[in-house]
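Each of the next two complexes has chain A plus one more chain, namely chain B in the first and chain C in the second.
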Partner chain A sequence: MADADATATERSRKGLFDRLIASRRVRLAALLAPSGGLLAALLLAPLSFMVAVSFARVDSAYEIIWQPSAANYAALFDGTPFWTTPFVQSLSLSVVVATATTVVCLVAAYPVAYALARRERGRRIVVFLVLLPFFTMYLVRVYSWYLLFGDGGVLNDVAAVLGFGPVGAFDFGVPAIVVGLAHAQFPYMLLTLYAGIDAVDFDLVDAARDLGASRIEVFRDVLWPLTLPNVVAGSLFVFVPALGAFVAPQFLSGSTVLMVGQLIAGRVDSYNIASASAAATFVVVFVAVAFAVAVRYADMGVSAGGER
Partner chain B sequence: MSSRDDTVNGDDTARGTFDRRSFLAATGTVATSAIAGCVGGGGGSGTPTINIITWEHYARDDVQAAVESAVDVNLEITKSTSSADMFSGWQSGQDEQYDIAVPNNNYVPRFAEAGLVEPAPLDDLTNYPDIYEKFKDFTDGQLAVDGTSYGVPIRFGFYGYGYDSRDVPDHEESWSVLFEGVDGVDLQGKVALYDNHFKAMTAAALHLGFHDAFEGDRVTLSQSQLEDVKAALIDQKKSYLSSYIAGDASFVKGIKKGDFHVGHSGRMNLTNMWVDGNDWVKMATPKEGSMSWFEAAVVSKQSEHPDLAWEVVDEYIAPKTGATLAREGHAPSVNPKTSANLSERRNELYGSIDPSRLDGMIPFKAVENEDAWRSAWEEIKTA
Partner chain C sequence: MAVSLRRGRLLSRALTGWTALVLVFLWVPLVFIVALSVAENASTLFPFEGVTLAHYRATLGDEELLRSVANSFSVATLAAVTATAVGVPGSVALVRYDFPLSGAFRVGVVLPMVVPGVVLGIGLLIYLRSVLDVAPGFAATVLTHAVYGLPFVVLLVSARLATFDESLEEAARDLGASPVEAFRDVTLPAVAPAVAAGFLFAWVRSFEEFVRAYFVSGTMDVLTTTMYAMLAYGTAPKLNVIATLVLLVLAVVLAVAMNVGDVVGAVTAGE
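Our next item is the complex of A and B:
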């Protein structure tokens, strides 16, 4: 009797389990639960705390006073005119540096990605060489650029030996930052572009050439539109980290410029975390809006293969 | 049914097994207890532990051993690199974890005002009477709240600037060198300042002659003085600045690499370079006065051994242990008697200090309206 009860209970449990598994929603939920939990714990929770703190204030004993106010946001633009405030200045500089870094990466990576997609020979070696810097620490890579740039750096020493140094462009400053960031972000752009160009149906390219299109016209009218989603994706992979960078700017500008990542880090260092949170929240919103605009503009629904 | 019931029911095999297991378990427990008693007995038999949060040099083996043998105490030392971190940590409950903290002088009033620390029993400290009079004045002044002193100075240092004597000749030592250069030397783009609003802006204020700003309990710049300081630093950035340096390591790398010939620096930093054989770098002590730091120990109100904690603090300024700390950290002790335990060379570097030299010291102080200073500094950096 007891055995029969146990068997019935087991069957009932199995039936419930089967019904649950049969539900598409439950399967999806089970699949997404771990990553969802991770995102909630590591992204949403700190992000929510950051947003909450951005509306609080910190007293001289470094304690957070929970009196909701938009004063920290107002202070970001508290200047006459508003674009002269350090926050707007540093954000503007960051946008310029991140844009320059993205353009450098795009221009340098597109031909390489095209060659990789078109030619089998040497592909693995090139990809390995591109990924090689990832095997070293980011700080070490930035420090190596630090040794190259600067008035007493290797580049200026070589220029001096060759009789045309020192060169201003080799000093610490924005050009050095762009070089350092482009070096760090280049693989993201290259691999994203390669994935897109590799998926292009090159019969379309050949057909365009057969119909008399020049190489430039083929690039402009065929290749570029088909790889635009990858260009946008690669640009975001480069632009977003470059916008918030603070290690490379710190080293490679000799701290003579203030990008928005440095500004936020400086405010955190001085325990001004409410103000830092307001600045960081604004940057997050700014990036999210830029991302949405970019996706809309590039019509991300169109893949390199031309399928929607 | 439990095994005990089985045994009671007369199962000999079970009883035999039970007994053997019980014996082994009991033996093991006794042995473990005995070992724990022996190991713990050393500590429990009279060597209490004092927990300290402080700078790296205090945790060096020689310094720790000197204190432990002199006071008969175990020290558990946590290294820190920031007085602000020490303070915020104690604010959030670490005052129960640590007996002693050794922040910079300007943080002692914050600890006291937050009710975190004990008054300092200065009369009970045997080595305190020997420290420089200047530091006794600081103890009664800056380290006191409402007339009660809360900290005991340990060691000190001061800021000036270092220069590469191969490129910059001897000159009148003044903060103006960082802002206007030296006659006959092209220092455009060859000067480094600290990437720190307090250090850079106080240097500018002293260069501009705003001595009145340093006279009170806090450094106080009027609005117009703040504007002048900002303008001076922006001008300096456009003409003489090579880079803003994050700390001592950046100074050493930059001046060795040739990125700059003159750089804002603490004396301890240059002492380290001299010890490493870089005699070409020289230290200038500006005539307008030097911003100086000194570390002061405080004892937590939550400490279970406050008297012992103060004994430990007193030992850090004892002639022998103070000399050991000076040797390890290359920074002079507040007790001049330490110089008797240092070699002639070490005394030149960080031992014997002429008391008259201390007169030019302006101790680090809290800043009035620090938010305005920070905003000004961000404006300078983005200019």
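Our next item is the complex of A and C:
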């Protein structure tokens, strides 16, 4: 009797097991289909189409004429010497601005992330105080930086009241753009770093300290290497959107400089779609290379969360 | 040893001070916006010419502006619902299953957050118009923002799922629950705070998103495109009012959310 039962269970378990494998696949497909479909249809396809258009011609009636050529790319670099073209100039400026923004965010965020991870007290309130600015309308935040910077801006007014200035750094231009972008992207960096530092086994830090390492050595040899994947991930979340920024430079450049995002948007506005596509494709390739390099160093994992 | 202790205390104070400084930096524009929303002269605080509610009256009487707020509300809600509906199953697949190209999916799902808005905006504009034959407008904006919100949902939910003990769901299965029942009754309640946080993030990102909407919204005005047009004409006081009102609402929502659910945990990866 017991034997028969065991066999029956064995058999039904085997049947169940087979069904499970099959249904596990089905379940996976069902789980993946919606998000995979959305990404394929509205991210992959548009970007691929944009790449295709960058090799085509678009006439004034928005009609795409499929005559494959690299003319749009050639035009981006058509200058003597080639780095004097608006595209190369604006891309170089964007790289500089994005790098500066990333450095500012990293330097500002690392100590805060460390404090958040190491101290229970005050964590909720700090997270609240970080998230609320993050949730405030970006356009309006940039506008308020616009009122703060500039010749007649509040910062220079304050400087004048205090008896120094006008300060050149408070004028519109690259510093103002970096401030605006750093303000916008800071939480991405902070939360990514926090996840990394929080996952560190601080027994290792204590052990290194006990063995005589200075705080600086502990940071350099233990904490930094262990959190490097998060540093890389956080930097990507800051660098790439900053590279293609449009709103912040539009308001804060004082029309003295042009970033690549503005250049692309300007070409769309003037119906120069093919040229805009080529420029955007070039930026995407730039981003992809950055991603590829970063993924080599960091397990992107579930990034903002930081997979344990 | 005493020196080390003193240094430790110094370091601790420095960390506190640095954190405070960074928070001040983050809050400067906010304080500025709120102050200007009630300032007589809304283009600068110096000289401060007195307090008024005139900008609030003007804003609440501006029907065109209120219509664009309503549009933004609809777009954000539909986009966040879509992002959550497709993002939660995607997160489960990502955390629970090993599948070919899962690495690519992992990266792909984060991409909408990273790809610059100008690039995604122009890509979607020409693609929707030429391939899908969707004219720029409401539907195009909802779809665009759904993709934009997806990473926030997936990052928050999958981080939470990764810390959830899967054997609890298996136990429910052993006790006779179907896969769907087990997920709904055991796993979902546990990750609900992260799902809510993901929805909130996706909603807010859509509501305040400008660049992508600028390209794909066509003649439909959402709040940000209206604001942008207003800035071009220099009538800015209403922006401060809108931003202040949104800020107040979100402060309350966030405070409630942080007290009811574990938003800190959800945002900072399920501790």
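Everything that follows uses one rule, which is that the second predicted complex is superposed on the first by the 268 of 308 C-alpha atoms of A that agree within 3 Å, B and C clash if a C-alpha of one lies under 4 Å from a C-alpha of the other, contacts with A are read in each partner's own complex, and residues count from 1 in each chain.
In the analysis below, contacts are C-beta pairs under 8 Å (C-beta built on N, C-alpha and C of every residue); 3 or more make two chains touch, one makes a residue touch a chain.
All of these numbers come straight from a predicted model, not from anything done at the bench.
When the two structures are aligned on the shared chain, A:V26 is found in touch with neither chain B nor chain C.
When the two structures are aligned on the shared chain, A:P86 is found in touch with chain B, with no touch to chain C.
By the document's definition of touching, neither partner reaches A:A74: not chain B, not chain C.
In the superposition on chain A, A:V285 makes contact with neither chain B nor chain C. When the shared chain is aligned, chain B comes close enough to touch A:A61, but chain C does not. Legend: residue contacts after superposition of the two complexes on their common chain; A:V167 is shown touching neither chain B nor chain C.
After overlaying the two complexes on the shared chain, residue contacts for A:A276 are found with chain C alone; chain B is out of touch. Between chain B and chain C, C contacts the larger number of chain A residues.
When the two structures are aligned on the shared chain, A:D151 is found in touch with chain B, with no touch to chain C.
Within the superposed three-chain model, A:L258 lies in touch with chain B and out of touch with chain C [touch as defined at top]. Annotation: chain A residues 62, 147, 152-153 touch chain B in one complex and chain C in the other. Considering their complex, residues 84, 87-88, 91, 110, 113-114, 189-190, 192, 195, 237, 241-246, 254, 257-260, 371, 374-375, 378-379, 381-382 of chain B touch chain A. Against chain B, in their complex, chain A makes its touches with residues 60-63, 86-87, 89-90, 93, 147, 150-153, 171-172, 250, 253-258, 262-263, 266-267, 270-272. Of all the residues in chain A, the ones that touch chain C in their complex are 23-24, 27-28, 30-32, 34-39, 42-47, 49-50, 53, 62, 64, 108-109, 111-112, 114-116, 123-124, 126-133, 135-141, 143-145, 147-148, 152-154, 157-158, 161, 183, 186, 191, 194-195, 198, 215, 236-237, 240-241, 243-247, 251, 261, 264-265, 268, 273, 276-277, 280, 283-284, 287, 291, 295, 300-308. Per the touch definition, chain C reaches chain A in the complex via residues 7, 11, 14-16, 18-19, 22-23, 25-30, 32-33, 36, 43-46, 82, 85-87, 89-90, 92-95, 97, 99, 105-131, 143-144, 146-147, 150, 154-156, 158-160, 162-163, 179, 204, 207-211, 214-215, 223-224, 227-228, 231, 236, 239-240, 242-243, 246-247, 250-251, 254-255, 258, 263-264, 267-271.
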